[in-house]
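To keep things simple, chains are lettered A, B and C as they appear, and every chain counts its residues starting from 1.
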């Protein structure tokens, strides 16, 4: 571990990177929390869904040369389809079972998607990331910090979609139904809400968001089947900061996570530092936010 | 011969067969057999934690890594004897398990599962990464622990080592079985049923849960140490998160509530990929099959394959003996 | 005669609601005290405070002269306080016999090691726990269901099992939270008989909460009445029965 005090000069550019990553985490975490609140299931395969959809975009845009915006659309479609498949085929039949059974199912999907992606696209080897926007950038006035247009786009798209989800929940009829189901599924059913349909919608939207997050993050990280699958732990950490319920707080938590992952790197050149930061933040959040007696596990009958 | 005596003889026959048949196999085969035994030990650790206490864990291989790397570092890095390094490795794993168990006391099962994933990834991508703690992880050069000697006889041969780990597995199964049928099993099942009632009848729920975590981690650590010596080299990639996921998945398919799942899952893990290669399917399909099987199992056979098979066999034998008129009292009871 | 249980000015608050408001009474050794009151009067809250599941916000609870403040539930159980639950917290997956062995297990100092190796001491203690449990089952008249899974039994038997589990602790103080809930009149009469036999045989002090007045009047030596978290009357059954404050408190709530 080498510490360096000259790291302070790196902070501005690391802020840019941290914010960009944080934005993507916010997007993934929002999808995760949406699925959890509405359908009661913590989707451990969230990252795997993102990964698989991103590889579909890769196949279409990078391999076949189709414009990346179409690739992105394909990824969203794949994500939504996977989300629907998981909910319809394997969550709905398990209604009434303990929440841990549903967790086990999503873990099974993680294995299936992870392996399938490895078989189709190879689990090692370099894959060129999907580039949505060119990577030239601009300099922030009054500083010498360079912000890439791609970074800015990623941040705006990610945060925009996350906040857009809050808007969806507040102002659309589907959103109102989702909130009703999240609050009390039995009561919602009595009100005539089709709980199954609303749950499926939450899975589709949440997984679609995961897919976008996956595509957005590929220029920033290693693009292989494993790295994106374990993106789920970053999404979890951000979701935990939002207490698994509060969407705006989740976005804040995600951005915080991005910064916490990068700032230490300015001072220490230690491998795996961002993992340490993530882990520390997760532990602290669990200790501070989740205390016995709080309703933390929302299993659904 | 009474039923209990009959099953004991049957068990003895099985153990004898399992011990003696590999004498006819190749070195490579026996290596796989040893791996199967070690994985059975790992599945046993899952049975203790998930089957007894009801907590799901995705970091069992991380506990195994603690055992493996401690043994590797002590033996290869400091010249310790295996017999001294092993208890230290297991103790380190137990301690880690208790540490992980402490937050578990306050968290719901769901959040605990998330925590264990965080632990697994933390171990993979920080603790065991070159540059963090090379004195423990070995850094760029993996540890190479050597096979020990037992009472003068070296365990370097594949058959000798196989018998060694088999003996350890049998002892572990016996211990877990004793615990399960005795006070510990009762207490843990009571805690699982109603923590509130358990506390009001005098059980220190915290202490018991931590003990269960410690025991589970200790078994995993033991397995890790044995694996390290069996392979002869300790590299982080063999103990990563995906391994833990696969382990838990396969254990669940077999059924985590029963000890018999351990050998069943182990055989599946080690020989499944071999079987696939045998029918010309790449063994990389294996995790996908586990995932698919797990999905099917959860939806259709929640108690697990082993328990279901046992129940089916029991029902079948009741039906058969009823039909033969051997036990008329049963005839009316068979469904 | 010093009181075994001394409730002194106990208060408990849930958010804005005052569930218990300065409740004070005592339970003397060897006596059966009733605790009655309309629904929501705070009876179960008081029980939860005594056995340590809830923390009191004000006042003291003294047991055998000792202040229980800060002691966790399992410590209080080991001191001899046992309870049954209104909502039945049986160990459903365990057999009836195992349910009664668990309290003995809790007391036993032997650790996992002795268990794991099946040391003679472990086997002896296991045998003794088994015997004690069976004796209790006989005493309670439910020896025939010893091998049945707790969750598979009818409510009446389940309540009997939970009572047996509490007794297996060899308690000095037994808290009974609506033991007659869900029982018909014959089963309730049986229960009254059992409670008297327990007092006779073991000298156990009891604090009994129930809505079944026939049971309470029959079994209790004296009765305390709670309403809206406050003690409104205390005395022998005949006096309580006639007390106008008590009658009003009960009629005040919907005639259920």
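Annotations for the structure displayed:
Keep this in mind: a contact is a pair of C-beta atoms (placed from the backbone, for glycine too) under 8 Å apart; a residue touches a chain by one contact, two chains touch by 3 or more.
Since we're looking at a predicted model, the values are computed, not measured.
Shared contact partners of chain B and chain C: not a single chain qualifies.
Distance from each chain's C-alpha mean to the overall C-alpha mean is smallest for B.
Chain centres here are C-alpha means, and the one lying farthest from chain C is A. Inter-chain centre distance (chain B to chain C, centres taken as mean C-alpha positions): 41 Å.
Here the CA centre of chain A is 32 Å from the CA centre of chain B. Between chain A and chain C, the centres computed from C-alpha atoms are 50 Å apart. The part of chain C that touches chain B in the complex is made up of residues 51-53, 72-74, 77-78, 82-83, 85, 89-94, 98-99, 101-103, 105-108, 110, 112, 115-118, 122, 125-126, 129, 165-166, 168-169.
Every residue of chain B that touches chain A in the complex is listed here, in rising order: 54, 56, 58, 103, 106-111, 113-115, 117-119, 121-122, 125-127, 129-132, 241-242, 245-246, 248-249, 252, 282, 284-288, 290-292, 294-295, 298-299, 302.
The touching residues of chain A, when paired with chain B in their complex, are 1, 42, 44, 89-90, 93-94, 97, 99-101, 103-105, 107-112, 114-116, 118-119, 123, 226, 230, 232-233, 236-237, 240, 270-273, 275-276, 278-279, 282-283, 286-287, 290-292, 296-297, 299. Chain B meets chain C in the complex at residues 175, 178-179, 182-184, 186-187, 189-190, 192-194, 196-205, 211, 215.
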